[in-house]
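So that we are looking at the same thing, I have put the structure below in structure tokens.
When the chains are written out, they are named A, B, C and D in that same order, and each has its own residue count from 1.
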């Protein structure tokens, strides 16, 4: 443990102590008063809202540069405040108010009083920043600012730029609300808000009917998710209400965390849907069967849920939340809206559909980590959903030629990885992947945007090529990000992905002993696929010769407003590696070394970890030392997938499908009917394309397009039409139907009295 | 003295009520439909009065007063509306009034 | 069988028949006249129910005022020609069946009621005073003040409404 | 010798103010019409109407903190519920009057009678909400009905208004007769027409042979009310009448009439509940709520005519309020008739506690307020966009009329978008808060299935509400589309309604706190 008591300034301390200690102490001692920063949290949200207001209302009259200035400055202001918040949550002395008795350390919060109240159901307008949300704040405002900067150039020719910036600012505000919320209700406000903004931005260029259909698809899938979210909230309120009535004194041990009075007082002060309340509830609800306590296996004895066990209810609640998260975070089978969402402007794809909004589902589960670990069933379902999504999306990405579509499917696939981590209880690994993915995927999208910008909006990778010299900055940053996502060693993606795979490999769920093991295999396969199709994308776009049917003969590099964000994001994609290396001592005082991220997020997930130990639902085998073997295997897999892709696309095929060779020798072999190309086509590409085509047909075309989108439309239209037939405009028919209704009610009532 | 049982009056009222209801459902002429509604109101009146005698309570009588007043007010506005319909359509046949539907 | 029974059956059958006349006659004027007859016979029934005041009002206001208004409108719009029933349609059948069901339910309900009695009357004076104008007026102005005022509002609204709607142009 | 004190007249003051304002307008019309050029400057009527509404609303607000009591010989109650609905009605009528100013001026049809009838209708709503006796209730229901019949048929443009007025009138009279016949049967069963007396009789006696009468009467009365609140299958008049009526009148009908009718319905059924089996009102209202939520939303889905779409949406919203009403009558799980014990001591009759139901009342009242503000806003934009040239063709309310509104009239587009989000129950608007409170009350009462249907239907409903938003913000206006006129009265009304929608959505605290205080008063 480092003693920072004599820290005054960076320079003074550095002269007497080592570099690491100095940095640690610097981070733990913000040069401002941290006591009151909670009261300023609302400003982080208010700034972008103000920006949206000014851009939306006065944008048309202010001119381009003023609009850009206001939009970017408001997000940058939020970013500065976020840095302060991020800094302020680090000293261990920081404590957020918590009426449930337990101390909430490493967090700042503010409760602005009752939002609304109905009896014992109360919702406060409260904001809370702990390590988890502070990191998200940095990502949202930081990446958000870079994308604003990028957009000033990218959207410079668009007429409705003011509307675009207003929506973008509004989105940032809503995402910040989602992250800062200290209750599920306020989180839902942000949840709906980001969906709304996403909907508006997907349809920003709305002339195309296909895009209108894409908007509808995004809409319906998200509504399915919202439905799950709301039902989960209702069930949670009911379960907690039943628990409050049924709980025994032993449920509230006298270790200072509270008694039943404290619990009830906290509930009436914060309301059942606040995270503090859910946390207190999970702490009071142990798993081990004990006749003196209400436990997970106890049957609810009051209220509408009477007859169900608490554990079963927790599972159902989590599955409903999974439905919600699957809609927002594009998981199987609700992922289909995300690739279609690429109809919007590219910076929007980078911000909303890669870095921030789609991670809301992972954020939600991380927030509710203490609830998640109470149900191994739900965890297994989450992990399997993630696995299916990851592999399926990776397979589909093989068959795509559109640069943005490939990136979209790769996003879906990476989100699947994050869900696998949640399912294995490795919340920190999921979140680490959220952060690193935000950097390199945003960089990839922005790079793709830069490529399109320089090539007359060409998106087909088969019609690009040879851009490495013409667009050097884009090329370099794209290469770094591609290597990061494929999992090459010194880059951040390697560590975050490996953390997930490692967690899958070493974790066992009670009752589902082999599930995670199978998911682990799926993860490895997906990692290989990822490396393959990403390298294919990279090679076809930047190497080789320019395609003969390219739209412009020579590409041009983009402006500094576009390249600067690329460079910064690429550097971040490298620098984020620092989070993934296990160098910190274990926060539990025992066990192996932890990664920086795990150690950093320990205060957030400690209750979940405590539950894991107490319940025994989740078993993790610890290994001594660094996992060299696992690292090596992951690296080898990524290298194999990527290398195969490079070899095939760089040296074996030409882009027109005819085959060329690095040497005249191979060419001559080919001419002598040595059909390696066709063989490869037959053995690898065709089957993969076929499988992905089948999945695409079944899931996307049949399940979602036909059944969900068109099917619901058809059923409702038919029912609506049938009802409209009754609405004939004839007053006497109306009277007749009223009489019929009357008679039915009368017969029912008289039947009851008989 | 042997009184006519209340039930007799009530059943008469029910018959009147249902005849009125049937008329509302099948007659074409808007005015006749309106008359049938008056029939239904009278059935309600009769019921009130029958119960009033049974209980010796004048509430029923007062209710009938008020119902007659309401019927008069409804008649004034209703007939004005029928006139307005006739002016705009040239007919008061109820099955021809379906500009708005679905 | 007492005279009351005889009178009841006479008036009841006459009421029902004339009410049937309202809905089966083809000519609107005939319907209106049937309705007037119904009102008169009903007034007789009201007398049997010891509601003399209401019976008088029934004849004066209903048969006298309201029905004249109806006839006046029929004449004004020259709707004297015959109109048939509305066209056959499934909803009409449904409505008819539902009405029959309603009637059946009501009749069943009434048959379960206990026999009527006049046990409430302590003296002949009380019986004689029942339903007189003075008794009704006493209750009306001492207790039913609120609905009485509300009816005055209703009549005002009806007058304004009728004037507004019947105006040829706005 | 009964006597009336000034305290007895407290509850009817707001209605009296509204009626006096209406009469003042009538007189001014009569006298000013002879003054030359007076017809050219008729802006004053709307101002008088708004001032009257504001005055009435203020008095009603004050009344909400009076001790709840039965007044006027048991014919009326003074309680927070009636006062709150009067406030809602005053707000509604004030905004509707403002909307009418521009609407009528545009059609050259400004007459004092129109505003007078609106105020009369509002007076009727206020009186309906506080009636505690069946005949009074019926008379007041007729006051508001007669006024709205006349208002519906007010315009002489094309065939629609007269046809709508006629349909509304004939079906309204029909349902009124049903209600009255039901009241007669209930009178026969209990010997009184006062709600409090009925409740007492029903509670005291095991109704036995009278049970049939009570049940028949109850069903008939329920039908009458279901017509007024537009519950499926008694809703059929709604789309036709809403479409044909002048749009500000539609706004008044869908907001005010519904609020008043719901309070009257709750009052009546809380009184009748002791005489019914515990399951009966629950099943009846549950069935109505289910049908209304599902059918209302399904029928709104394919509508391209925005006015009809809003009419069906009004039906659907009645379903959500009915969900709250069902929660009121839900028997607790397992114990048949448990809920009745609570109901027998109901606040709506000026009697002792029902704290278990305070939340439900509060949710219903808040929902009614939220819906009133939202619906006024949305019909307001519709009224502003209407063009009299298209009225006879019925295309004036087509979705295409909204295309490109965000460019030509951004203020209106924002108002409409806020209202659509609110109707769809999307945060941060008042519609979301209202739905949250109602669903939560329903879930607490054990109506999990119905609440899930509610959530599901409102999720589906967002589709057709957001379609309007999409048209406004993402479609370009057709070539040569005329720009609608502006009137400052319309803009003021829309600004107030939009501010209400958003402020009540973000900060419902003051209103819910006020409602809590008011219900506490009633429950003491």
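The rule is simple: a residue touches a chain if its C-beta (ideal position, glycine included) is under 8 Å from a C-beta of that chain, and two chains touch if they have at least 3 such contacts.
None of these values were measured; they are calculated from a predicted model.
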item	value
Contacts common to chain A and chain D (chain labels)	B, C
Pair joined by more contacting C-beta pairs (A-B or A-C)	A-C
Chain A and chain B, separation of their C-alpha mean positions in angstrom	65
Euclidean distance of C-alpha centroids - chain A vs chain C, Å	71
Where chain C and chain D are represented by their mean Cα positions, the distance between them in whole Å	31
Chain B and chain D: spacing of chain centres that average the CA atoms, whole Å	26
Multi-partner residues of chain B (at least 2 other chains)	10, 17, 20-21, 24-26, 33-34, 45, 50, 54-55, 57, 60, 62, 66, 69-70, 73-74, 77, 80-82, 84, 87, 94-95, 97, 99-101
Residues of chain D whose C-beta touches two or more other chains	135, 139, 142, 146, 149-150, 153, 156, 165-167, 170, 174, 178, 212, 215-216, 239-240
Where chain A touches two or more other chains at once, by residue number	724, 727-733, 735-737, 739-740, 742, 746, 750
Residue ranges of chain D in contact with chain B within the complex	134-135, 138-139, 142, 146, 149-150, 153, 156, 158-160, 162-167, 169-170, 173-174, 176-178, 180-181, 183-185, 187-188, 191-193, 239-240, 243-244, 394
Complex contacts: residues of chain B adjacent to chain D	10, 13, 17, 20-21, 24, 30, 33-34, 37, 40-41, 43-45, 47-48, 50-51, 54-55, 57, 59-60, 62-63, 66-67, 69-70, 73-74, 77-78, 80-82, 84-85, 87-89, 94, 97, 99-101
Residue ranges of chain B touching chain A (in the complex, touch as defined)	21, 24-26, 33, 94-95, 97-102
Chain B contact footprint on chain C (complex, rising order)	2, 4-5, 8, 12, 15-16, 19-20, 22-23, 28, 31-32, 35, 38-39, 42, 45-46, 48-51, 53-54, 57-58, 61-62, 65-66, 69-70, 73-74, 76-77, 79, 83-87, 92, 95-96, 99-100, 102-103, 106-107, 110-111, 113, 115-118, 120-121, 126, 130-131, 135-136, 139-140, 144, 147, 151, 154-155, 157-159, 161-163, 165-166, 168
Residues on chain A engaged by chain B in the complex (per definition of touch)	724, 727-732, 735-736, 739
